[in-house]
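There are two complexes below, and they share chain A, which is joined by chain B in the first and by chain C in the second.
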Partner chain A sequence: MNTRYLVLAGLLVTLLMGCRKDYEAPVPYTFSNMTGSGKFPTAIRQAINGVYTVTDGSDKFGAQVVLRWTYTHNGADTSHHLSVFTSNVGYFDMEPQPQTGGLAVGGYWRRLQDTEIGLVQLTVNVRRSGVVSPFTGRLATGDTLVVSGVYGDGDVTPTKRLTMTYARPLNPRPFSILAHRSGGRTSDLLPASENSVEIIKMASRLGATGIEIDVRYTKDGVPILYHDNTLNLRLIQKNGLAGPIEAYTYQQLNTLVRLVNGERIPTLEEALQTVVDETDLSFVWLDTKYIGSMQKVQTIQQTYLQRAKAAGRSLQIVIGLPSDDAVSLYRALPEKANTPVLCELDTSITRSINANIWAPRWTLGDQRAEVNAMKAEGRTVFVWTLDEPQFIREFIDQTRFDGILSNYACVVAYYHYSQQ
Partner chain B sequence: MSHSLKFMAGVLIAVGLTLPARAQNRSVADTTRKRGPYAVVLSVGSGLSYYSTHLGVPAALSNEQVNRFGVPFTIRALWVPDHRLRIGLETGWTTMYSYRGQVDNTNSHVYVSAVPALVVFSMPLAWLSGDERSIARRLSLTGGSGAYIIHSRLDFDGTVQTNTLSLGWMAAASYTQPLGPRFRLSGELKWYDAVASENAAFAAQLQLNYRLVRW
Partner chain C sequence: MRRPGIYFPQAPIPGRWRKSIGAIFTTTPPELTEEIRVNVPAIDFNLQRGISKNWFITGRILTQVVQSNVGVGVRYARPLTDRLFISAGDDMHVWFGVLQIKDVFNSQAYGLQNFPNVSVGYRFTRDVQMTLKCEAILDAYYKSQVGTLAIERNAIRYNGLAVSVVIEQPLYGKKHVSLGLRAAYSNFNWQLWSLYDTFDRNLFYPQLIFGFIL
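And now, the complex of A and B:
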């Protein structure tokens, strides 16, 4: 009898406790948002960009990593960040630390396929004739940069050694590294929510040179950024609201709905304003997730292309056509001049609408003949949405695509920049 | 959850799944016994519910007022065979929660309710005591799984009403008091859990059970 009660109690405990687990990866570092590059002027930043071999810390970050500086604009000021991209779906986000002696950076590291995260503190040194000393900005023949320091797990003070030694410069071949959903997926526990202004500002630190954003209309016709067709807890904080996002007005969404990390759902205009004014991104792919006229999106596209041009920015903004319905919306536009589009359908449709860019899904394979034909016609060819590191490497090494759309821009960045 | 705990939970579940079969166990099989009687019992009930998990109220609201209480309504049809495990369908309606507040002196109100559509299994606890005439026979455990239709209504800058489906489950414990040959009265404590939408409510209900047919 007692055994039965125990079994019953065990079942109840199992039911109530469940096996659900909340996964979190809180960033353990608070950025100062310092403007300027501190002790890292352009020449030093350029000298640091490169492919490095890892000695201490290779068990955690792999035998080779890529270091690359990026920046965001903040009004008239610029903030610089040093990123590290690893082969095991990881990245570092670090800022200059002027209060520390020498050339120092600090920030955090993260692996995107789990919740691993931690603090990192590094200094830039130079090895000359076997002797390591602080880097002062001048490299003589035979000198080698050594970026070293400590890293840790979680928010504990870092103590594990990390040593990265400069091996070669970054691969200079032009290649578009396009980040899905404005930078990455919310489900990968990034510091900012997908399709938010905050993740757009982060995109280049995650390795991206361009972004894909998902455009939908609100009930009152405002183009906004949102991926799914419903309000749901995968993307927004719990508030009782659910159902099709098109059922809500912009005011309702702007007032009552917050994305998972607390951000507002941005309008398309806010997103493009951020890209033009605050980032160094060179490409924006406006994925058509709406049903209705494309004219409003076209007008916004042209407005921000002009603003980018006026600001001296080399920025492409293209409307993505993922379906026959989207192609029909494009064909229905009364004026198609100055409206760059990207077609995800087959080559014949791409040619029929004279799309500048063809973007097939990656599962169709390398499509060597079609890719060569489209490139010979002067079109750019991207592939989407490729997240598997092994295939990312193969597509970069063995195909002629001009860019890859991925949820893991850091992996694409690693394999592209380290390609020899 | 550690691997050992997961293993223990797995063993418990596996053993638990055998309990309904063991409840039917007889030392000697009587193949001459006539089966039955069978019945279909219809239950209707109502009571009080309390929203028992976290809820989010937008930070933009001022003077917010949250209401976690509701009046649930349940309809259940249960096939009562000559063995202890019963199976049936349950639906109804329950308020999950509501909140109201103001945004720049404009009133805002959100109301969330759920309609369960569940397959339920129920079993009296006589197997615990082994005595069919004990009070345990009047106690029963009920569990079910299925879907919840989550209804959401927003009143702010117009009205938006939406319905979404959420997978979920329900667990309940009840005591049933006979009132007559066809009527019984039950007191039931139950837990509604719409897992996908993260809505859960605890309810206490009085249910009137009516034996609809018997054969």
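And now, the complex of A and C:
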């Protein structure tokens, strides 16, 4: 073939292959990190928690949403955030705005499956006999809360109307909403990187009541949070380092490596300290990604279970066993008392090690008989890692699992809290 | 004059068949398989039959045993000059997959996709011809089941587009081959149904095409 034809074909191929699009979803809102609840004391926050019907804005956020307050601690201070969870894989993250008259919140909304994001400003009002007035904290019979305001796209000043009217309280049934990778995947363009301290602090605002974190050892034996086998640009900023993370000491990783949003790779202890001291999370699943003794992780698990207990926190920390190798590491522990574990393998292995929790893959389906049997034996049953929104609804409505691990905690939260 | 080809936009002689067998290798996007990069091979069988001077029907089977894709279509092709050819057509494909793996999968899924397409072909020499094919990818139906739980989507929606560049030429003697690249930018790729991709963004699926024209 003539050389020029080959060159032409090569150019066409290069053109076709060189067009991979980079997606971004920068948050257009800067949080004040105001402490205290401002004009939103406990009674008002509790009154606002609920399932709402959406009128203005339903084309964007669906006909129904869930509103729920969460908090994080910073020392003696507490910051409160109001989240909205939507059926179309969206969430709002809003903080009180005391400078605005009335009960006002502001922040941003995001749809996790794509890059849609925008600002939102809302006020809380009450409808009484058809008249809407600012909510002052007292609800009389027949009063209805109306949370309304404006939202926008990107960083433009919001102008589109959004009206949400209280419909009913949140479903009170206990259910674990477990966020994958400490809160969510980096590939979903969240404001914080997966397996970082920052995403742990965000997890409850994303809908989670618990988190799953990936534990590995550094070269010098420090348990850290990291998912992949290697340092790669999917998870970290460009720095010239590559290869297995176990080939680097903690000092090297701490000094030279930053996660994609600029955070440090945290140690397991830093992560659990954050959970205990700064969040309202009630469950931590330590996924075993390492090869080597489980003893260090067990010691840390027990230390932070004691610290949580001392702090009056109802917190479970369990070691996840995803493979036969991990089960062997667990069996090799000299002392297994006070070491709650979660088994991802079949029911016979779960029974043989007397795991507190059984967690099969969601792709195995409802597994009705097995779930019923495990629950009858007093075990908790979770399913992982389920992200497909329609299947999340099916699992919540049709099965007896006690919790779902998902990259989209906001969807699990929406379907769980809105279930009637 | 007709030369052996499957992608080149020229109808077979009415009543005659054209066939090819080969393989397509699809590279998985990092958004789905993260640090693992997988090249998924599929057996690719094409069958075409001329029904008039310009019209022909197409059939295609792609299979990886546990998941397969069967398509039929119709195409109109005509020469613009003695070297330049064009075609327009529409293909309807059904795909289906079943995965039964202990402790991992009890899943199955199937769906319908439609591919309106246009091709431009240029015959460089008597034996070498190049085709640029553009396809829209439309999802028409999707059903997935895990255990006894099932979900279904039956709204027709735009899924993405694909551009292919294929060279067809002799390999040795009178045997001809198709060799090309297909760049698909789509929201859903049937070959990766079992990953249950939830991104509502078009991802890049590069594919290497190789086929022996029989």
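We adopt the following convention: the second predicted complex is superposed on the first by the 402 of 420 C-alpha atoms of A that agree within 3 Å, B and C clash if a C-alpha of one lies under 4 Å from a C-alpha of the other, contacts with A are read in each partner's own complex, and residues count from 1 in each chain.
In this text, a residue touches a chain if its C-beta (ideal position, glycine included) is under 8 Å from a C-beta of that chain, and two chains touch if they have at least 3 such contacts.
Keep in mind that this is a model prediction, so the values were computed, not measured.
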Is A:Gln251 contacted by the first partner chain B, the second partner chain C, both or neither? first
Quick one: is A:Thr230 in contact with chain B, with chain C, with both, or with neither? Answer first, second, both or neither. both
Applying the touch criterion given at the start, work out whether A:Ala76 contacts chain B, chain C, both or neither, answering first, second, both or neither. neither
According to the stated criteria, A:Gly243 is in contact with first (chain B), second (chain C), both, or neither; which is it? first
Considering only the touch criterion stated at the top, classify A:Ala376 as touching first (chain B), second (chain C), both, or neither. neither
Quick check for you: in the superposed arrangement, does A:Val131 touch first (chain B), second (chain C), both or neither? neither
Which holds for A:Val89: it touches chain B only (first), chain C only (second), both, or neither? second
Touch check for A:Trp362: first (chain B), second (chain C), both, or neither? second
Which partner, chain B or chain C, touches the larger number of chain A residues? C
Would you mind listing the overlap between the chain B footprint and the chain C footprint on chain A? 1, 5, 17, 19, 21, 230, 232
Note which residues of chain C are touching chain A in the complex, please. 30-31, 34-35, 99, 102-107, 124-125, 128, 130, 132, 144-151, 153, 163, 165, 167, 169, 181, 183, 185, 194, 196, 198-202, 204, 206
What residues on chain A touch chain B, complex-wise? 1, 4-5, 7-8, 10-11, 14-15, 17, 19, 21, 230, 232-233, 237-244, 247-249, 251-252, 255-258
The chain B residues in contact with chain A across the complex are 1, 6, 8-9, 12-13, 15-16, 19, 54-61, 97-99, 103, 108, 110-112, 127-128, 130, 150, 152, 154, 156-158, 160, 162-164, 171, 197-198
What part of chain A is in contact with chain C in the complex they form? 1-2, 5, 9, 12-13, 16-17, 19-21, 23, 89, 111, 113-115, 187, 227-230, 232, 234, 345-346, 360-368, 387-391, 394-395, 398-399, 407-408
